[in-house]
Each structure stands twice: as structure tokens, then as C-alpha cells.
Amino acid sequence: MSAWLQRALLGASLLAALAFPLVAESGFWIKFAFTTLLFAYLGQAWNILGGYGGQFSFGHALFFGTGAYAAAIAQTAFGLNPWLGLPLGALAGGAVGWAAGYLSFRYGLRGSYFALVTLAFAEVFRILANAVPFTGAGVGLFVPLQPGWAQLQPGPIGFYYIVLALVFASLWFAWRIENSRFGAQLMAVRENEAAAAALGVDAYALKVRAIALSGAMTGVGGVLYVQFYLYIDPSLAYGPGISVEILLVPIIGGLGTIFGPLIGSIVLHAASELARRIMGDAPGIHLVFYGVLLVVMVRFLPDGLAGLLRRKRKAEVPRNA
Amino acid sequence: MLEARNVTKRFGGLVAVSNASLEVAAGSIVALIGPNGAGKTTLFAAMTGFHKPDSGSVTFDGADITGLQPHEIARRGLVRTFQIVQPFGALSVRENIAVGAHLREPNRAAALARAGEIAIRLGMGNMLDQPAATLTVAGRKRLEVARALATSPKLILLDEVMAGLNPTEIDEIVPIIRAVRDAGTTVLLIEHVMRAVMRLSERVYVLNQGRMIAEGTPQEVAARPEVVEAYLGHGAAQRIASVSA
Amino acid sequence: MSALLSVQDLVAGYGPAPVLHGATLDVAAGEIVALLGSNGAGKSTFNNNVCGLYRAWAGRVSFGDDDITASDPARIVARGLIQVPEGRRVFPNLSVRENLLLGAYRRGHANRARNFEHVLETFPRLRERLAQAAGTLSGGEQQMLAIGRGLMAEPRLLILDEPSLGLSPLLVEEMFALIERLNKEGLAVLLVEQNVVQSLAIAHRAYVMENGRIVLSGQARTLADDPALRKAYLGM
Amino acid sequence: MLEFQILLPSIVNGLTLGAVYALVALGLTLIYGVLHIINFAHGSLLMAALYAAFFAHAGLGLDPYLAMPLLAAAFFVVGYALQRWVIGKASHGKDQNVLLVTLGISIAIENLALYLFRADTRTIETPISYEMLDLGIALVPYPRAIGFAAALGIAALLWWTIERTDLGRAIRAVAKERQGAKLVGIDVDHVFALSFGIGTAVLGAAACLLLPSFYVSPSVGNVFVLVAFTVVVLGGMGSFTGALVGGLAIGVTESVGGLFLGQQLGQLGIFVIFIALLLFRPTGLFGSRLA
Amino acid sequence: MTNANDKRTVHKLDRRAVLAGAAAIGALAAPGIGRAQTPTIKVGVLHPVTGALAFSGGQARQGAVLAIEDINARGGIRSMGGARLEALLADAQSRPDVGAAEVDKLNEAGAVAIVGPFASGIALATTQAAARHNLPHIVDVGVVDQIVTRGLSNTFRFGPGLATIVDTALENLVRINDQAGKPTKTVMIVHEESAFGSGMATTLNQRLPQLGFEVMETIRHANPTRDFSNIVLRIQARKPDLIIPSNYYDEYVLFARALQQNRVQTKGIYSILGGGASSYRFVKEFPQAADLVMDCNHWFDPRKAASLALKNRIEAQGLYFTYEVFLAYSCMLLLADAIERARSTDKAAVTAALASSTFSDHIMPYGPTRFVNGQNQGARPVVTQVQQRDIKLIFPVEFASGNPVFPRPVGRG
């Protein structure tokens, strides 16, 4: 694809995205777009660590929930304006990310072990959030309904634009990663930690930075979620469901690619919606279809969808060369 | 410039390197030879922080670097390549080399530009945008060298960069290594290809069964029967002697 | 004498570029044939494709009367073509006894007890280590175990990939003596080695591989005297 | 203090609970140890097995303890087929794809159960449901005492299979040295599928032991799956002894932790141990026999 | 043509919608298109029929769907020419965000109002989403008080909230305890960790001491809890007069079984919003464990013929007659009544009709319907007791179908 055509396509999609709420009078499709974009954004956050850094987290709910709770608590207990909740959520998510990274990378956890420890961190937070009073324990936290931009409750269309902006920011950020020293070194660590170290790359510091960044981004997503639904409880915030949903997005779309998470989120949400409409109302049957679809997709698209769309750069690495 | 003193490294019960010492003078090309499994690569790893020596010390540029992390050692200007090539498979050749260049060059564009220059120097100018995973063995070996060179090292440790290359390719790489030295980087290389060792190095160390068994000029070393035996097997010296006689 | 193993124009590799560019080689029953070449010349690629670990790109491999070009390793093992691979590939988490027993997993199961005794007679040192995990053996012992495991399958042809790698000169000597002895007992051997001199000393015929091509071949004794070989390996 | 009065019986409770965890973890640890994959469908396969046990009882009048060999065999076939023709084929040997495939299978199975059986929570009563075994220090319901004994038995059987049979040796060989295994003529894909099948067969047995003292609903797998992961890590991925001891240890931790920290926080202990172990001794308490 | 199993009225969200996109949906929403003959009125039936809450969600959906069948069988909405109700089924997947998205979908598909969504957490999200469209939303189950205290004018809760439930439970507890000569002094509370269990426990801990009871211990357990043996051990050690459990069905089953296995003897089990004691399934499967257990919960009015008819129909389908069923059923009747009076499918008109509702044709033991800030003031829970394998209503007295047996006779249970 020529650079010109690429740019034209990008521009057209941008315009389409901006104009979407004006054309789609449907509240449903706007909310559908909001959710899809929110997970594209969260997936991109995961992609920084998992796709570019090669560290698979099964516990991104840890950052999502922490961001959500930080903003919700600050707002309900201390009357903080939710706009300030956004940076607060980033800070909280980043701090938890840093701590989780410090602990796990310091002790050299990789692969399945890293995945499991992040899962466990999220579980610990879920149990704690259920037990301690300031999170509202099992009852959860209610954010007061105060519609309007001032309190970051701008209505579905407003939220759409906010999350669209976040998605653009995350795309830009991923592009930056691909074109910066940080990103180059991060990818080098993903590909081969020993070789990277031999070239003077401090893999540990890099991974901690990546997880802190990813955590901060995810935390912001949590804040947005809480502002949109005005409610958070421990299993919504820290349950394994949210972690899995976040990581599916970039894996399906294409790991370590700029547009992978966006594509993945669109495909997953469209598949889920399609499954409901095709399979009808009987409980469960559409999710059976969705599950099978997932398996079939992997069977025929082992490199994610982005693998189809972009020039095939990743040739098979010989396994026993 | 680099001095390893009485380095010992054990793996479980196996002593891979035993009390080995070597010295590399600034501006020289030194070779470390020995049969497969002699412990050459382990010694490299012990000097560059990938293995912590069980005893002994390594000094570089006057400072003790024993037990430092690999990236710290690399930052001081001592960089190794790997015998079993370790390309960043999904990245292009240019991007691979740029990872090395980034050690001294934070700017992305500048690092990529430097990667291009180095690739051209190593005769890889036409492969810049190829994913590293698609390179041939020879290409990967070169990439190892290119990446290491991109870090602007003071001393480069080359681990069997000629293994698997054909004679023409070896003839190409020999002057490149010499040029590296002439540009101011000291070279220590592990090599099996004796032809190249003979042509390149000023000093040769021979490691066998983890012990340093000889050192000297290439000619001195090649003349010693224990070296020939270590290489070609027991009795080879006599057999060769009888054949050449 | 018809060939036991016959490889014709084998082209193979990993990823996009071929490593072998059309190698042709044969081994007759009762022979020791040496395949020589430096690191990375393509010898292991050759072995692995002959043994079915990888699917060759082109060419033909036949063993006995069978075309085994596209066979899977289990079937090739069942026919009696056994490889003792480079790096030994013993099962480090299994005991020496278990490693040997598994050697007869696909072939030679009926005579397992007898062959087991025979291997222990050949390698008395393994008898002392029977209960020890293979991963804790020394390099030489692991090499013996790998060969012993190969013998458990009652091979018709044994491919030995770098059996002298990492062994002390004394052990190397022993190893070559052993190979010679096994051959005297009737076993055909394809010896893949870097150790030129000693390999040529025991082999009947030899091939020299460089960059995925056979560049020299002939009677071992003739090759040993070939100045081209000496120059290539010693730079003299 | 109350806590100390009931400490002993609560430890006994923890042990019987832990035996169930161990059973669920045994299959998981085998699959991880051999295939090096984290099987996210494990919980939903357990759920499917519980339904099978339930319908064997409700439909055929088969006592769950008698149905055990039958279910183990049936689930062996299920597991073998899943690995050989679905997971192995679809994952292309990539970890992230294994994750997606097992997740997809798990979503499909769970919701198929929901569709077919509705979300009702179902229970069965056996003649011994309310009989108690008096151990002196504690009363243990018979179903749980049986579960405990059977868990030990199954672990021993697995151990014997893995340690003492050719199949077991082949499995261990494949776990650590695939190339070597191929060179002695082991069909690696077959062994993978066998291991997955055995791991799933254990779930079939576990379901029969669990059902009389538990319930079944489409989401019941989630109740055990996280704990099973914990047990596997605690015991060392791939170790049967580890899974057994780990399961018992987790059961006791949960039980005693619940006693002193409150029932809700009792589960916290599990994850704290889990994290500490991952950080400081990722090979688990027992290292690993397979992996 | 109106047999009970006629499913033709159940409209499925068809695949046209996804293909045709937003514009088509707009057209679809226009009333009457393609159905010129019989006017239909679409109502949203939104429940979590997959995921963790699938059982309750499925039951509630069934109740709502049966109500629609009954309404249509009676001649539909008479004030609108016998217009038939048509259910738009939606699945919240046990998640608030999905529930909220479904509300939008229902709105676009032309729903006049929504009945649902069983759970408090989901209700908070769905009522708010419906408020954005001014779409009337009747909350069938969802006891958390915040649902109706946020000033959403579209939200109506027909059933009682948490505060009312606790009030009723305590009022009756004092009454039966006084009647029996105050045998109960000490109490242990065993509750699940989420919104309703925790909320309950907090309130009980404040109120019980004022009423002369001593709370010996409050045990909070996680969902799921795999083992109740330790909790039972504690109960055995403390020997409270009364146990107050408040948990979901799965946990309640394990709890009850453990109590029975260990032969725990207390003067009574008095559950509040318990998962088991007012469940016919539990009574049938665990007759001994259920015997004489009391529960303060939602319940139908056993004196009304309609309730028993409905019960029989549900049981004929192989289902259990649980509170989700009759609450959703009643809520749908409430909605139909409002549409009848509004004589319109205009959302504002229906909202107004709901706000002024005095609906009485339901099957609940409620006082007169009167909405204040969306909460039905007539709503009240009742106390039931399992007696002779049946569930009897014992409080309030005016609806009672049996007398409380308290304390539990020694040796029983």
C-alpha cells in the first residue's frame, strides 16, 4: 500500500469517526462505538506491555479497577472533580503497575509465571476491595449522577468523543513507541532479552517502565468506565472477566502493531453483536457461537487480523536453527 | 585493556572454565581458540556479565567489572556477539542494528541513520528492510557484528562469526574485522576457522577443557603439538607429522 | 552392494532460505561413512531431514527398500534408522535406566531385557549410574547414554552426530574405538563429525560438506592425504 | 479462644477440601507439565463432567461413585480429541493462541451447558450424604471422606502410571526433550493428546467425587479453576506429589485463614501464598518432575 | 388462538437490524410498519440470562413473558384497540455495561418501556441508560435503595427496597419472639459479601441490639464459598439461639447441608433475602434442611387464585415458582395497566401513568400501589416458613396462610 493511499485511508477513517455520532442517530450504536473504542484503548494499553514488550499480563483488571476506584473514591469521599480523576486514575494505575512490575520483574518472572502473578495480584485486590470499607466493600461505589461536561458526565456522544480522543492518543503513543529509543529497546527485549542486554539495554528497568505506562493508561480507562456507568464494584473492577476482555483485543487484532487493538476490538465486539443477532434470544447460544468463532479465527488467522492486513514482516522464525 | 584473571566457572559439578586468564591490549586483535566444548563461550559470558564467575576477576579499562550486569558492561564499552545468533527476528535489519546504536544515540532518526551506515560498512546495505528472521546464516552472523559495532564499543568480543560462512564470505569478513580494529575498536574473537585466525590475530590463546593450554603468536601456537592434538584429536600431531613428512 | 541409506539431491532448510542445496550421499550395509564439515555446513540439517524431523523441500531419501522421504520420525525409527543427535538429547529428567528403556519404545521391544544387558556391557560406566537422572551425568556419560539408547532400538543404521563433541581427548579416543567395534559387530554407521583426522581413521568412505553441498567424497584413506582438506581445516 | 477450640476440626475440613482442589489440579498440572500450556478450559470441562455425573445419577440412576470409571473413560476421549483435533491444530504452537483457543472452548462449553440445562443449580443426594465419619477430633461427612481417600488413590495411580509405565516414561520424555523423544520413535502429538486426555479423565473422576457434596451449574467451573492454578504453582508445575500436597496445603490455608481472618479473607491467604511463591520460588515447593 | 404456549408474540431482534444499520433501525422503530392488521406494543424484557446471574435472570424473563401471554390472551390493551404486547428480549449477561447497552438497543427497537433487570448493580446502570431516553423502566428485583434515590423520573420499583425489607423482618422477628415468650436472645449473622448481604448485615448490626438481641458474631463470606464447614463449626461452638443467613442460592445450599450434616440445633433459622428458604426447589431437594426455616423475602399472595394458577403453569413447564417469576410477572401487569390508562405508547404518557398508578390487579401481598420518587409505597416483603414441605406465608398477618412455628421443637430439623 502506498504511503499516500495509507494517509488517505487514515484521514477518511478519522473523518468518519468524527462524523459518526452526527450520522448515527442511534443511541445503541453510539454506545456500541463507545464500548468498542474503550476496549480498543484498553487493548492498546495492554499492547504496550504485552505486544511491544512481550510480557503477557492476565491481570490488567488490577490497573483498570485501581483507576476506577481511585477516581470514584476521590469523588465520593473528597468531592474531587472527576476531570481531575483522570490524572489521578493514571497515577494510581501507574503506581500499581510500577509496584507489580518491580515485584515480578525483579524476581525474573516471565511467560506463564508472569501471567499468573498478575492474575493473582488482581484477585488479591478484588478480595481486598470486597473487604475494606472505603471501597464500599461488596456494595460497591455509586458516583452521583450530575449530567454535564463539568462533572465529566457529558452524555453518550460526549463520551464517544472523549474515548475517541483517547484512542487517537493511544494510537499516536503506539506510533511513538515504534519510533523511539524506548520502543526499539522494548521490542528488542521482547525478541531476545539476552541479546538486548548485550547491547546495553537494561531490560528490567525497561519492563518496569512499560508496565507502569500500561497501568497508567489502563487506569484512565477505568476512570472513564466509572464515569459512564456511575457504579463500580469489586468484581466489575478486579474480576478476571475484564482482564481477559482487555487481552483478547490485541491478541485477536495483532500483537505489537499500532492498529491491532483497534481492529481487534472492532472485530470482537462486532462478532459478539453478530452472534446475538444471528443466534437469537435463547440464553447462552450466542456465546457458544462466539466461543467457536474465537477458535475458528485463531485456527485460520494465527497472527491476528493485523497479520492479514499488514505486510508480512514476521517470517517464521526457525525453531531449531 | 581487558584482563581476565584466574576465572573459574562451574555448572553443577561440571567445571566449564578453570582458572583461565587472558589479556587483551588496546588496539590489538586477539583470538581465543580451542575445540568445541572447551569453554570459550563460557569464558566470554563470564567476562561480559552473563555468567557470574565462581572465582577470579575481570578488569576492563582499569576498572573491576566482575559480576556487573551485562547491560552495565556494555555501557562501559565491552560488547559481545553470540555464537548462536540471536537476531530480533521480527525487527528489520535496520531496526536490529539501531538497537545497538541507541546505546549512545537517543534520537531515533539518528540511530536509524547510523544503523544504515554500519550495515553498508558490513556489506548489508541491500538487506536493510528485510526482517532479521529471513536472513541466511551468513547474514545473521554479520548482523551480530553490526549490532555490536553500532554500540561504538571500545572492545568487541566476536564469538565464532565465521562459522558457517563459505571461504568467499570469510575472505570478505576478514578485512572488515581488520577495519574495525583500525577504526579504534579492540577485537577479541573466538574462532574455529584457523585460516582467518592466522591472518587476523596478533596473539592467540588456546583453551582446552576449560584450561588455557597455550598462548602466543599464531605461528607459535600452531606449531605446538598439544594445540594440534586438542584440535584434531589424539594422535593427530604424529599423523600429520608423518603425512607431511 | 546396494545402498542401505540413499539420499539424492536433498534440498532443505528452515524459513525462507535453503541450508542444503542438493546433497547426495549413500551408506551401504556394514560400512562406516563419515560426513565431515565445519560448524554450520549443514550436517545437522541433513541428519534431521533424513530422520524425518523436518520435511525436506526436494530430493529423495530411501532406506532399505522403502522411500522414507515424507515419513514421520516414528516410522523411520520403526524401520531401524536411528539417529544419535548432536547434543545427545537424552531425557534429562529420566534416570539412565529409563532413558535406555525408552530407546526400545518403538523398536526392539521384544529383546529389550537382552539389549539392555548388552548396552550395559558395552558401557560399564552406565551400570553404575542406572538410577541417576540423565541430566546429572557428565558429557561423556551422556554421550554413552545417547548411543546406548540408540542401540536399544536394534538399529540397522546408526547416525552419530558429533559424538566426540565436548569430550576429552581420551574419551574421544574411546568413542572412536567403540564406533569401530560396533561396526565390526555388523552395524552400519553414518558418522557426522568435525573431527577430521580420527573420523577418517576409522571410516571406510567419507563425504565433505561445505555450505550445504558435498564438495569432496571418496575413500577415507585417499581423502586423509588430500592437501585440500588439510588446508581447509588447519589453514596450513 | 474459640479459634483454637475448633482449630483441629477446621484443619481436617481444610484437608478434605484441599483433596478436591488437588484432584482438579492434578489434571491441570499434567497438562501444563507436558504441553507447557495453561488450559483455560479446565474449569468448564470440570463443569461438563459434573453435569455428566449429575445426569448419570438423575437419568440412569447411576451412583456417582460407580459412574467414576465410566466418566473417566468418557472424558479421556473428550480430552484426547480436544487436544489432537482442536487445540493442537488451532494454536499453531503459539502460547497466545493456546490462550485464545482454550478460552474460546471454555466460553462455548459453559454457554452450551447454559443453553441445554438452563442456569439451575442442581444437587444430588446419595444415601450417605448426611452420614458423618467420626475421627475423634472431627466429624467428616462421608462424601468428603471418600473424596479425600479417592484423591489420594487417584494421585497414586497417576504417579504410578507416570513413573512406572512405558507410557509414563514417554510422557515425561516428551515433557522435557521433544526432539529426543521423536528420535526414539515417540509420536509426540499422540503423547500430547494422551496427556490432555488423562488430565481430563481425572476431571471426570473428580466430578463424581465432588458432586455428592457440592452442586452443579453452568458457571461452577469458575469456583475451582483459579484455586487449581494456585495449587499447580504451589506444588510446582508438572508435579503430582506437588499438586496433592499443594492442594491440601491450600485447603488448610483457606480453612485456617478463614478461621482467623474471617471467611471472606480466608481466600486472600491463598493468593498471598501464591504470589510469594511465584516471586521467591517459581519452581514450586516440589520443583517439577515433568517440566 | 391464544393458547398459553403461543410464542408468536415474542419478537426476536432479527438479523436485518445488524445488516441494515442505524437508518433501518430508525424505520423499524416506527410503530405499525409491516404489521398493519394487529397493532403491537413493544416492551423491553431485560435480564441477565447468561453469566453468573443466569438462573435468576432466566426465571424473571419467564415471568415477564408469561404476563405478556396473559395480557394478550385477555384481549391486549383494550384502550388501544386490543393492541398486543410484544416482548423484546434482551440479555444483560450479568454485567451492568452490557445491560446499559441493551437498553439503548431496546429503545431503538421501539420499546415503550423496560421491565427488568433483576440485579441491583445492573439496575443502577440500566435505569440511568433508560433515563437518557426518558424510557420508563420498571425495576422488578433490585433491592439496593440507591436505585430509586437518584431522582430518575423514569424509574419505578414495584417491589420493596432494602430498608423496608429489614424493617419488616425485624418487626416480625420481635413479634414471633414475643409471642413465644422471648426464647431468642443471641443471634449469628451469616451473609454473602455483595451489595444485599453486606447492606443487610450493617443494618441488622445497628438495629438488633436496640431490639434486645445480642449479635454474637457476623460472618461474611465470599461468593463463591466452597466450604461452609468452618462457619458451622463456629456456630456450633457459639451456640446462638438464632441464625440469620443472607446468601445466594448456591451458597445457601452448601450452608444448609453443612448445618444438617453437623446436626446443628438452634431455636430457629431466620433468613433475610435468603437464597433457599423461599425456594420450592430447595424445599423439594432438601426437605429436612428446609424444615421450619423462615425467610423474609419477596413472595406472592397465596390467597389469590391468579397466583396459584400462575404457579401451576410455571411448574407445568418444569420450572420452579420463584420470586423472580412472580415479581417480573406483576411488573409486566403493572406496565400493561399504565399503558392501558395512558392510551398511548408515548413514553412520557406511560411514565406519567406509572407515576400515578393505583394498580391492584397483581399477585403480590401489597398495599395500594402508590409511587413516591419511583418507589412503590405499598410494597412490602413477607415472612415465609417452610412447613410440611410447603412454603407458608406467616407475616404480615393479613396475608398469612399459616402460623409461625417458633422456636423450633427440639429434635426436629
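In this document, chain identifiers A, B, C, D and E correspond to the written order of the chains, with residue numbering beginning at 1 in each.
FYI, a contact is a pair of C-beta atoms (placed from the backbone, for glycine too) under 8 Å apart; a residue touches a chain by one contact, two chains touch by 3 or more.
In this text, all values refer to a predicted model and were calculated from it rather than measured experimentally.
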Hop count on the shortest chain-contact route linking chain C and chain D comes to 1
Farthest CA centroid from chain A: chain C
Max Cα-centre separation from chain B goes to chain E
Per the C-alpha means, the centres of chain A and chain C lie apart by a whole-Å value of 52
Taking each chain's centre as the mean of its CA atoms, chain B sits from chain D at a distance in Å of 50
In whole angstrom, the CA-centroid distance of chain A from chain E equals 36
Dist(centroid_CA(chain A), centroid_CA(chain B)) in Å evaluates to 43
Contacts with two or more other chains occur in chain E at residues 49-50, 54, 57-58, 193, 220, 222
Where chain B touches two or more other chains simultaneously, the residues are 133-134, 137
Contacts with two or more other chains occur in chain C at residues 15-16, 53
In the complex, the residues of chain B that touch chain A are 48-50, 69-71, 74-75, 79-82, 86-92, 95-96, 98-100, 102-103, 105-108, 111, 131, 133-134, 137, 147-148, 150-151
Note: in the complex, chain C contacts chain B through residues 15-17, 19, 38-41, 136, 138-139, 162, 164-170, 172-173, 176, 194-198, 201, 210-211, 224-225, 230-231, 233-236
Per the touch rule, the chain D residues reaching chain C in their complex are 166, 169-170, 172-173, 175-177, 179-187, 289-290
Contacts from chain A onto chain D in the complex sit at residues 56, 103-104, 107, 109, 111-113, 115-117, 119-121, 123-124, 127-128, 130-131, 240, 244, 247-248, 251-252, 255, 282-288, 290-299, 302, 320
Within the complex, chain D is touched by chain C residues 51-53, 72-74, 76-78, 82-85, 88-94, 98, 101-103, 105-107, 149, 153
